[in-house]
Amino acid sequence: MANKLIVAPAPHVQTSQSTARIMRDVVIALMPALVVSTIVFGVDVLRVTALSVAACVVFEFLIQKYVVRGPLTISNWSAVVTGVLLAFNLPASIPWWIVLIGAFVAIAIAKMTFGGLGKNPFNPALVGRVFLLIAYPVQMTTWPMPVNGGAFDALSGATPLAAVKHGLASPDALGVQDLLLGNMPGSMGEVAALALLVGFVYLLWRRVITWHIPVTILVTMALFAFVVALCKGESGALLWQLPLFHVLAGGAILGSVFMATDYSTSPMTVKGGVIFAVGIGVITMLIRLWGAYPEGMSFAILLMNACVPLINKYVKPKRFGVK
Amino acid sequence: MEVLLYTILTLCVLGVLAAVILYFVAQKFRVEEDPRIDEVEKMLPGANCGGCGFAGCRGMADALVKRDDISELFCPVGGSDCMKAIAGYLGKAAAEKQPEVATVRCGGTCEKRPRTNEYNGARSCAVAASLYVGETGCAFGCLGFGDCVAACAFDAIHMNPATGLPEVDPDKCTACGACVKACPKMVIELRKKWPKNRAVYVSCVSKDKGAVVMKACKAGCIGCGKCEKVCAFGAITVTNNLAYIDPQKCKLCRKCVNECPTGAIKLVGMDPLPKEPKAPAAPKTAPAAAKEAAKEAPKAAPAEKSAKEVQKTAPAAAKEAPKAAPAEKPAKEAQKAAPQEPSHES
Amino acid sequence: MKTFPMGGVHPSENKLSSAKAIEVLPLPEVVNIPLAQHIGAPAVAKVAKGDKVLTGQLIAEAGSFMSANIHSPISGTVTAVDQVANGQGLRQMMITIKREGDEWAEGIDRSQTLVKECNLSAQEIIARIKAAGIVGMGGATFPTHVKLSIPAGKKAECVIINGVECEPYLTSDHRMMLEHGEELVVGVTILMKAVGVEKAYIGIENNKPDAIAHLQKIVASYPGIEVVPLKVRYPQGGEKQLIAAVTGRQVPPPPALPIDVGAVVCNASTTYAVYQAVQKGMPLIQRVVTITGKSIREPKNLLTRMGTPVSALIAAAGGLPENTGKVINGGPMMGRAMVNLESPVTKGCSGITVLSEHDARRHVASQCIKCAKCVAACPMGLEPYYLSKMTQKKNWDEVEARMITSCIECGCCQSTCPAYLPLLDWVRLGKQTVMGRIRARAAAAAPKK
């Protein structure tokens, strides 16, 4: 034998599921939604997504190379994930320079200032999105219509959530089919509920995430809506239509599957994850029903992100042999 | 206008309220503390290295003020001067210690001690030491993963990539002992610090038998005992196949250095004695004085003379002269004979 | 299908040698017998240089209660009792014997006839096990007689035989169960008698259906013994995991022991050794060792005398391949990487796994992404990422409060980490340090009482 023996402490096997593979899987899981979104809103979707991804990767590269001067980690695909998620939270008609600003805020401020991947307390894409929403409210809430018109065109550019909020429509005005297929105005990536669910199943199959956080968020939201409907004295079909509408419309699925499950901004234990998810569900519904904004997913996730260190400190995993 | 007024008023009231609350809270939770602790803390170096055994200088200051007997306490960074000043301030008797310096006692460079395997675990001496022998065949020597470097708060110890061994910068080293504690192989020792950073020490800690040492490392101590025999001051003892030079007894006479067959005895800051004292002809490079020295050198030089010379070399040496130093050559002559540039072996 | 309650991983099984019948390795010319091949005090040598010894003769006596006897695996002359490098290159006391023929000591029945009857009392059984120097052969090498001596105030309720063999690659217990099933089951009855229980379970993972079927057939005629098929999941062979999988009871954190939940766990090979010792008078001088690895030409299960150099096993399996990167004493999850292939096979060595350089080298570590996969994989419900970080910061109080001493060092956390961080390297160091601190505290508290 020519070479020296290699020595290391046990274990001597390592998983093939590397950080890069996980991030790549997330990107793959987002692809069905990208395709549906392109069909609904046209090639603008691809343009915005490409710009956002490129900007995120370039910003991360520049910061690591010239500011942090640490090892380069753009090959781990995490900047790509941030780029796609940021794009999915924007309207397809957004001007290019706003995309650049959003990418800069997401990568430079929300991610790299904290030490990069794994150390950021808030989801970078959501920080970028919320920053843009507050800084450029007009551009961020001017929604393009689906190219083929859609069932909702009477509302001229309001998302279903906004329409319902402002009393322009009732939750049952939009068919479940349209909600599932994304045939409505809204952010690029959040309209296609069915495509996002396909991505969810893919992530579960690849063991990238567990079901706890997404399912808990959606169930919490549905229960909340159901109780509200009950209190309002609704009956019959509306009792289940309101919960279904809130789960399928807006960013509920995109947020719960892809944003709330972000590793570094979610708790480390299953129990903590459930607490975190219930918090997101409740805050989202509070904002949607009684807040100033029609959609509250982003704010809810960011607020609960802030609670994660606390949850990690106090919620410990169930220890073996401890009652 | 009214709105503005109310706003300002509300803020003012809130501010006063908060101030009152804070005042009472501060009163309630105030900790009475001896003001001398602050003063003593200021007199300490403020390195917070833990070399005194406390977590930081504050803890040391607290102990210095509160304990009646502070002779057990010592700040290695500030040294005797600092301790004297504090003792004077507190009116207590301070401990006095001679200055020390961390010394890496391993000469197993990459060249002298070949790597026999490749360590692929966490880069930590402590982790590697609990797993196995290390990357070389020597179970006692430096592992080379730099736990000592990480432990040093004074930037005084660094790995030399060429040798794979850590090197101490004696001017920066404060002898706080952090590296000594960090080294799982106990390779590093705090030794007496001589003027001009001179040192003679056995650069090996292997307790293996000679044959085993030779197989693993060309620079190890094989426990042959030649140094022990040649030492005039009884400073060298060989136990468990390993020679040790007692820094309190050693007078830096350097005789042992030439005796060592493997070069395990390190000499720092001084020139070695010329080799082969019995040879009639001096080395070609040596100046004429060397020849004279070689000729004059009797086989049994008067002990007094040699002791005198030694004392010159080492001013801090004990007053008691060795009774029967089997010196073969006066040290002074030897110094003339040797090449002038200082040796930097480590 | 039963399994343990939390965590665990499922690495590639790679049981390359599971269909290979046990072969007898030719006797070695020279053996090195370490005096410490078990947990506890090293044995005390009873022979000196120049002594003639017979196969099976006692050559070193247990140094204390928590220790084990050692017998000569071959007959010949003692050539040295000295420091010899072990597999990790560290020197330890070993007895070196040069072989001359193969003459056995008296009182050892080497025939294959099955002896079912055992009329000894519990004390006599434990005394025979102690005399034979039997220790846990799954790797932990805990002296078996200590395990069987139930402390006052505790009561055993069942014996659990560990036939799980959850380590990838290893098949020695599997072959043992297939080829010596009858003896093994008699061994179980002996163990039941030794600890005074009526119930025994044999836990076997579902990836060994032949062994499950074989033993189920045999135990049909032995009352009180039940074969329990288990879902394939590492580290099911961990003592605490196995007890939880079979009985549903969880052993409390250290210093609690399995006996606190009424269980006595014994490895399958150990149980066979117990049969051999009690019924045949055979001391523990040989064991089945799996020699395996994807690059090994002929993976095998070899009946090997203790003290045989590892290199002899590798030679018997076709030699060390050119691209070898790592040789592991044990399996790839918990085995120890070796530097010295001349080191001997010991009582706890269930296999030798050879990995190619490509498989052996760790991936380059990147930073933690907080994916929590280590937390989900930990079978003890710990937080490896946090323990590892706090150990590096030397925050010993914190890691102790987070129960680092519960860690069983199974390696699930590190093998599942997508950032390839050396989690267990650090956690193990932290655990050792905290255990040292606990012992120091106990020692400091002792004189006051």
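By written order: A, B and C. Residues from 1 in each chain.
We take it that a residue touches a chain if its C-beta (ideal position, glycine included) is under 8 Å from a C-beta of that chain, and two chains touch if they have at least 3 such contacts.
Keep in mind that what you see is a predicted model, and the values were worked out from it rather than measured.
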Quick note, more Cb pairs in contact for A-C or A-B? It is A-C
Note, CA centroid farthest from subunit C's centroid sits on chain A
Whole-Å distance, C-alpha centre of subunit B to that of subunit C, is 44
Chain-centre distance (mean CA atoms) for subunit A and subunit C, in whole Å, is 48
For the pair subunit A and subunit B, the C-alpha centroid-to-centroid distance in angstrom is 57
Subunit C residues touching 2+ other chains are 336-337, 339, 360-362, 422, 425, 428
Note: subunit B residues in touch with at least two other chains are 116-117, 120-122, 127, 131-132
Going by residue number, subunit A touches two or more other chains at 5-9
Residue set of subunit A touching subunit C in the complex reads 1-3, 5-15, 17-19, 21-22, 73, 76, 78, 115-119, 210, 263-264, 266-270, 316-322
Note: in the complex, subunit C contacts subunit B through residues 85, 88-91, 336-337, 339, 360-362, 422, 425-426, 428-429, 432
The answer for subunit A against subunit B in the complex is residues 4-9
Contacts from subunit C onto subunit A in the complex sit at residues 5-6, 11-12, 168, 240, 244, 250-253, 256, 320-322, 324-328, 330, 332-339, 353, 355, 357, 360-363, 366-372, 375-376, 378-383, 385-386, 402-403, 406, 409-411, 414-420, 422, 424-425, 428
So, in the complex, the side of subunit B touching subunit C is made of residues 116-117, 120-122, 124, 126-127, 130-134, 137, 139, 208, 212
